[in-house]
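These notes open a run of structures that come right after.
Each of the next two complexes has chain A plus one more chain, namely chain B in the first and chain C in the second.
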Partner chain A sequence: MKKILLMGNPNVGKSVFFNRLTGANVIESNYPGTTVDYAKGYMKGDSEDFEIIDVPGTFSLESKDKAEEVAVKMLEEEKGALVICVIDASKIERGLYLALEIIERGYPVVLALNMWDVAEDKNIQIDIEKLKSILNIPVVPTIAISGKGFKEVVLSLKKTASVRVNEITERVGEIK
Partner chain B sequence: MNPKFLYELQPGEWARIINIEGGRGFRQRLCLRGLKEGDTIRVISSIQGPVVVEANRSVIALGRGMARKIRIIKGR
Partner chain C sequence: MEKKLSVMNYEEEGRVKSIEQDLKNKVAGMGIRVGKNLKMITKHPLKGPIVVEVDGSYTSLALSVADRIIMEVKR
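Now for the complex of A and B:
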């Protein structure tokens, strides 16, 4: 069974994401650091089943506290796992740092821009097509609490592959 | 308008960060939480306990030790 890790900054909605995908009922709340340990669940895809792991939120892969240590250890243990990197669309620049770090380690990543409705409220515009072409990974806007975009996330799990970071930096250079 | 440190501000005051006195790790940690040099911030709470500031549309709580290392000038 393929494993999927849910990673992202603290307080972006990874646990809500997890509950949506698996139908589980882990604690979710509106402040950072709710998940300090991991939770496992299962999801049926259209052709295969997945094991999903809800990882504590982390800002970077250089762990600075216990919860982050758990997150980094999970990532290192699960070689060959897929990663859904959940990002707060209204604070996208912070999440992309972690996303790039995960890509750099060679994991296939699906980027979920969560809290899309909040970003829209704050009048933040994100060019998804451009982000897709720069990173060369699937990028999906989602709203975890209402369930918008989840179908695309699950469908794009098949399409993702690991990307080399120097290719991304080359593409960023071309834009300038 | 002498440069001051973040913990010396009162709630409601605005300021701009001019220097973060710390190593690479400390700067990175603040940057990933949305605080970097040049940012305009608003203090929410600073009387006692952690110093809470608003910067770049997000709210960040800092320990007083951290706030002691951040040099600011008052005003927007």
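Now for the complex of A and C:
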């Protein structure tokens, strides 16, 4: 069974994502660091089933504490896994930092711009089409607590593939 | 004027001027890099962590980390 890792900064809604995708009931809270260990669940896709792993939040792949260590170790152990990188759309820069690190290690990534409603409230505008064409991976705006965008995330899973970071750098260069 | 991030006052704003080399990647994941504007929000007592605003969101840093980030602040 194909594995999916849910990764992202702390406190972006990975566990809410996990519960929604799997129907499980892991503890969610509104402060960072709730998930220090991992949870596993299963999801039915449209053509295949997936095992989903809820990974503790991490800012980067250079671990600074126990929870981050768990996150990095899990990523390294699951070489063939897909990654859904959940980022807080209102704090996009630090989210993209992690997303790029994961892409750099060769994992196929689906980028979920979660808390889309919060970003809208803060008047943050994100050009999704441009982000998609630069990164060349599926980018989906989501609101985990209401379920917006989940169908698209699941459908995107089979469209993603690993991307070379230097190609992304080249495409960013073209924009300037 | 230059000062360490750790000694900035409440509400004081500044631009990141330099970060010690081995710390750069660590704080980059939190959205802090050279050229970013930061605002001091809270300093916890007893050498506790500080909270800064970066890109409209709050991030906390250990005081020992803030000690190694040099800021350019307006007088």
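Keep in mind that, in the parts below, the second predicted complex is superposed on the first by the 176 of 176 C-alpha atoms of A that agree within 3 Å, B and C clash if a C-alpha of one lies under 4 Å from a C-alpha of the other, contacts with A are read in each partner's own complex, and residues count from 1 in each chain.
Rule of thumb we're sticking to: contacts are C-beta pairs under 8 Å (C-beta built on N, C-alpha and C of every residue); 3 or more make two chains touch, one makes a residue touch a chain.
Everything numeric in this text was worked out from a predicted model, so none of it was measured.
In the overlay built on the shared chain, the residue A:Ser90 is in contact with chain B and with chain C. Contact with both chain B and chain C is seen for A:Lys122 once the two complexes are overlaid on the shared chain. Contact with both chain B and chain C is seen for A:Phe59 once the two complexes are overlaid on the shared chain. Contact with neither chain B nor chain C is seen for A:Tyr42 once the two complexes are overlaid on the shared chain. Taking chain A as the reference, the larger set of touched residues comes from C, when chain B and chain C are compared. Contacts of chain A with chain B, set against its contacts with chain C after fitting on chain A, overlap at residues 9, 59-60, 62, 64, 90-91, 94, 97, 122. Interface residues of chain C, counted against chain A in their complex, comprise 25-26, 28-31, 55-57.
Residues of chain A touching chain B in their complex: 9, 59-60, 62, 64, 90-91, 94, 97, 122.
Touching chain A in their complex are the following residues of chain B: 25, 28-29, 32-34, 56-58. Touching chain C in their complex are the following residues of chain A: 9, 58-60, 62, 64, 88, 90-91, 93-94, 97-98, 122, 124.
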